[in-house]
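The structures come next, written out as structure tokens.
Both complexes below contain chain A, partnered by chain B and then by chain C.
Up next, the complex of A and B:
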């Protein structure tokens, strides 16, 4: 399989294995500051480096209506300075200390991180704590940076029909939830974002009681706690920052189907996404079954879809199933098929549906399930080598409403998933009324719906 | 005992003040050598293998043969068909990645200590005994064609192809190593067998390993894994002097944001001026927000989300390249700013403050690269392909610190050629004085 040939589809679908890495509970320590800021420390003493991250429980799905993209825009503006740091100085100081820094915004969270030598941890905490409450912005900076995020949207979305298609499909999947709005924002709303929008989102969400600290690397947990107390512990909790209250989906009663044509599409494909439950604190069993279902159906060369659609019938050149369980609210379970030459999208879609129906009849191949479970166990070994990823897993889970205990219980819950549970969850999830089917094709390609 | 353990030259190098990266140079009885960092705390090993030559070894008229062949290594080998092979990998929870670029075919593997022998045997089959059966060839060929079709309407791909073709026509570098739809359709099984025979050879292989394995075990592993490969392959392609006329070429493509690649001749890795050139590039366009291109094009003017420049010392040519993307009505200004910065750097060099900041960044960031078995194995194999010695990791930061303002000024004047800085722009750019390349569908 040439992964590169399908980077466009693959990037959209899921880059990493669909299961979260292991718990490595012996490496992990936690504490909570009096102001409500939670902390996770992951030890790895093999190299004298550390990654320092602060996650806010505030993502694009927490934006007020009409200012889509403000969470991500604020993430950019957080590098523009504070009472004591000039524009860009934050990153300059990190670089001058031999470190790298960046940030990311998702539907459920915004995160900031630095990788530095372990003895520079305190400086990172000092600066990150500073910008949690002391951000200073000017009109000019905001206007110039707005041009940057518009170019970012051009690069990531407008120049890529697959990304535009993905936006359209999400907007159709979520009828009332903010997950239907793109993280980067709708262009017409981005063009009007201003200084006040940014400051409002900052005031409503950035506070220690809405933040999670993750420190991973060559550190002593007691020392991290002491430093965190000194720099983050002195910031008072902000009672105005409230737990998230989001609009939720109504019952979904009607299947949605989309066709998007764009002359820049050379290789058509079909994607179906079903609304699916996410991992919930203390109740991850269904999400675990869905995770295993995605793996059994479309996780690799020996998956059911690959076998039926590629090896046995040559219907597709690529197929996959994807599910991302780590989310605060209802997420999606997807199936994708890239038809082989001479196969229409309708034929590919029908073959995909037929393969899923047969799978539900035939049941799970016990040997395949055992291989997947062994890979999950192995992943717990491999994961110890990549503490940065482990740090992101913990941060992402905690920012999505899960607890450290949930993260650590996850591998065992995956191991306990049975063949019957996988089939049961498949029967439950594949309900067309709660789905969006999208066809992406070029201007002239054939296809009827 | 199946294997005698060869000489293990343990050049135990501890880098001052930070990680103890102890590189062992391992020689196997079969004549293979490897660099190893033994790290037994997690029970798996990462191995990086690189074969010099890569897709540049494609024979005339057979463009894409090495790429398709590489895609087929895991699609059936020895007594296993594609699915059988995949089942075995999954059952062992091993991870094998096969990749090819202009100059190297590379294999990244990691596997558990508990089933290392089985994993090595499986990897061996894929490297030494790939079957290239008709069914797999047809399947993977269809994947490649599908990818090539998508590339034709992807501005990022169009721009690099057009740029390479302008600068390096007539050399393998002048065309995409994935081949064209036509060339890939024409490849036969015999072509793939030849490509395999030419690319995976013993005298062009480099090995780096890190993790839970001893020098003796690694020596035996290499003999098992690679001993069945032929000794020597075909000649590498000739050196080429790329051509840059300093102009702007537009490839019309209907998309809102223009994507530009720019560049001219670069500097080879073994050039005595490589270190000053490397530091110079960090200050000019190397990634961080502090780089001049990022400051001028993005931070001050908001013309782009990202602009970068990078030295590309390839086997047969040295290039100095960059990328930027701006809305169609703003790309002309972005190009103007980049040209101005190129000229300013060529004539003025850098300030003492900029040099100091680049040095602290580079020297501080270097040890952070050694963060895991995979990255370490990768660094070890990369150093070997660049002709470095293990001592390099100890002296590297000293070499960075030794770069002076005068060095930068001299090297800037030598390698930056504003008059030759050529741009290829894909999109519908407005207000560019450019030659427009006809579209060839």
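Up next, the complex of A and C:
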């Protein structure tokens, strides 16, 4: 069976580096088809392979109320067949051509990709264009696949107290925005998802005017455009597919805290997440400062939190900071502390707060910042070697409201972040009224919330 | 101008007695028109007056995401006019006939009522039936009235830290249900409500098959039915008006806490709300036990909390318990403590928890329970003197999923609640994982959340 990735972007504490972005030196070409479908072509001729991706501007945060999980469910069902392809045949053909394929769903998008030999690109486009409009589903297929996503939820969420905890914290962080609902869906709503829900979400979101094509590898941009025109360009724009409408947060006026106890938790920890601005097109400076703040505070062994909480005081066994800037709407900036033996969650949290307050007082260590910037430059060079990741960065950014120019400007914006900007943004976002502090602990563990 | 009531049912700490219900001895007649409109007639011939009400099964919790406040906004706009009535003319005619009229919106319903001389009933029906289907609105009227509801929000919410606090707590209590969104709406969404939003909500919800007629006063049920048939019965059922679909809560696994600081707060307090079951048709026993639990714990001077926290220990200057059982979906059971001078919120909360724990240990005082039951019986007799309130109780219950039989059975169910049932329900619902504890305090007040 297929192994399809399910992306819990903001739920991850230790996210992959978010600064492994493209740059102006990438060989990137863009075009837009008459039906509104955008395209990005990334040339990389080192190997005769190609990555072909179609991204839809439709993630879990675009779902109607009551059918949580339908974006991800539809992602599964997209492999069921069309007028011309039988169930599972899509992936079988990719495999028969020596390729691999997969798909992923996040809050802001759903994406499909194949990695194949470069001369198979047209076949991929033909099949992907086919299922953009010709998906055929039966009641039986939907009922069977629903068992699969429920089992996926069991594995990924119900069996993992940390995931359940993350769901509870997100629901508390977002008062009105659908980022508070899990990508995979609430179980009680998933259990009722049916054929019509899937077809409705498909009809409302899948069309060339809501899609982004990303092709990366050993290709000629002019040829890609010609093929895209031939396979995707012939699909008319669907006027029923409307620009996304997202509910926004009201003023957050009150600090929230929550405690979850679960007998399966061996190691308690505290996470605080602050509501934080995301990368906005043409205005990424604040997000860049937040990205650097996360690195300075919690990135690796020499980070401020690690130094103050682990090396100097032995208060924690692990600490980190995280920020996910690539999002359509307000995102989160988080701090984590896993207390050392004999340290309570309250003590760990207090120490974390004290360390952050001291940091704001002391300012950014210039040498540390230079070191981080150097590492980011190095990572960016390595990242450009991974054409898959690069393709994914462009696709994810475009599906989250950014432009190719934003992606390419990002490395320089990151490098130009100053010590003062980092402290300024720290002062701005560390507002307890816009935060949720969560304690995860075992059933019998002591806590004094 | 009209003064229309805006009902913040569950936001009220000191709610009106929820047990002032009808009983089997009410002179109540019911009928249902062919188009699905239900009707309740309550005879009361002591004065030649009548209350005429139409309730729609459409409250703020029935709104689509992103247009919070539209149910209440439409309530205002329903006074603007129809094909035959000019703006404001509805209320002018009621007044010219010596009557008064008003309307109200809650989570589960919107209601319109007039109180007039009994011989004007037909005129009321004629006008109410008219605006059920013939509402006419202009862009200008909508924009002007939007200023009115925004000002209403200013007055009722923005100017009152307690109301803001209530909104923040509800948003934390409900993870997925729309009871977490305020009836009046989030300001940023209210600011964008337009003519089309109002017409859409009207089209989706206002029809005889989604309405309940309540007529109470000096009337003959057969005549009421004849008039109802003449004015409401001729309106066809609208198949586009569907049964309500509500998103439900996922498992609540984590205790939540929040703190709101506002410089306008002179007197800090703590409120904890637990998610609690509502009255269900044919199964009101648990809700009855919860109603009695709220009385035993927090109803008046001799309540358990008052005795333990105020008289015996001087910990608080005010304490209460509240429960709103009449609701379509899961509701809240709350505890409030306003600390005495020199007592911190943490101390007040700890004392409240200790008092509740002791109460569960000690059990219900049989004499106190008898006293409460006696008071409830007395109140029910007085309540039947207030025909308006009685009409409203029937309408509210029916619009919240209950039946006339449930309304009439309620007094006996309340009287039959035992000490053991009260303790059992207390043990069941006082589950911190399904609760939100809020602290409201001034900007500079001490707190150790």
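Remarks
Operating definition for what follows: the second predicted complex is superposed on the first by the 432 of 449 C-alpha atoms of A that agree within 3 Å, B and C clash if a C-alpha of one lies under 4 Å from a C-alpha of the other, contacts with A are read in each partner's own complex, and residues count from 1 in each chain.
Throughout what follows, a residue touches a chain if its C-beta (ideal position, glycine included) is under 8 Å from a C-beta of that chain, and two chains touch if they have at least 3 such contacts.
Here the structure is a predicted model, which means the values were calculated and not measured.
Superposition of the two complexes onto chain A shows chain B and chain C fitting side by side, with no clash. Once chain A of one complex is fitted onto chain A of the other, the partner contacts of A:186 are limited to chain C, with no touch recorded for chain B.
Of the two partner chains placed by the overlay, neither chain B nor chain C lies in contact with A:84.
Legend: residue contacts after superposition of the two complexes on their common chain; A:172 is shown touching chain C, with no touch to chain B.
Contacts of A:148 after superposition on the shared chain: chain B is touched, whereas chain C is not.
In the superposition on chain A, the chain among chain B and chain C reaching more residues of chain A is B. Computed from Cα centres after superposition, the angle at chain A between chain B and chain C reads 130 degrees (steps of 10). With both structures placed on the common chain, the touch criterion links A:138 to neither chain B nor chain C. Residue contacts after overlaying the shared chain place A:117 against chain B, while chain C stays out of touching range.
Once the two complexes are overlaid on the shared chain, A:341 sits against chain B while remaining clear of chain C. Of all C-alpha pairs linking chain B and chain C after the chain A fit, the shortest spans 14 Å.
Contact residues of chain A toward chain B in the complex are 1-2, 4-6, 8, 46-49, 79, 87-88, 91-92, 95-100, 115-117, 143-152, 154-155, 158-159, 263-267, 300-302, 307, 310-311, 314, 317-318, 338, 340-341, 371-372, 374-375, 377-379, 381-382, 384-388. Residues 18-19, 39, 41-44, 46, 71, 74-75, 82-83, 86-87, 90-91, 93, 95, 110, 112, 139-140, 142-147, 149-150, 152-155, 211, 254-257, 259, 288-290, 295, 298-306, 325-327, 330, 357, 360-368, 370-374 of chain B are the ones that touch chain A when the two sit in their complex.
In the complex of the two chains, the chain C residues touching chain A come out as 64-66, 68, 164-165, 167-169, 171-172, 175-176, 178, 180-181, 186-189, 245-248, 250-262, 432-433, 438, 449.
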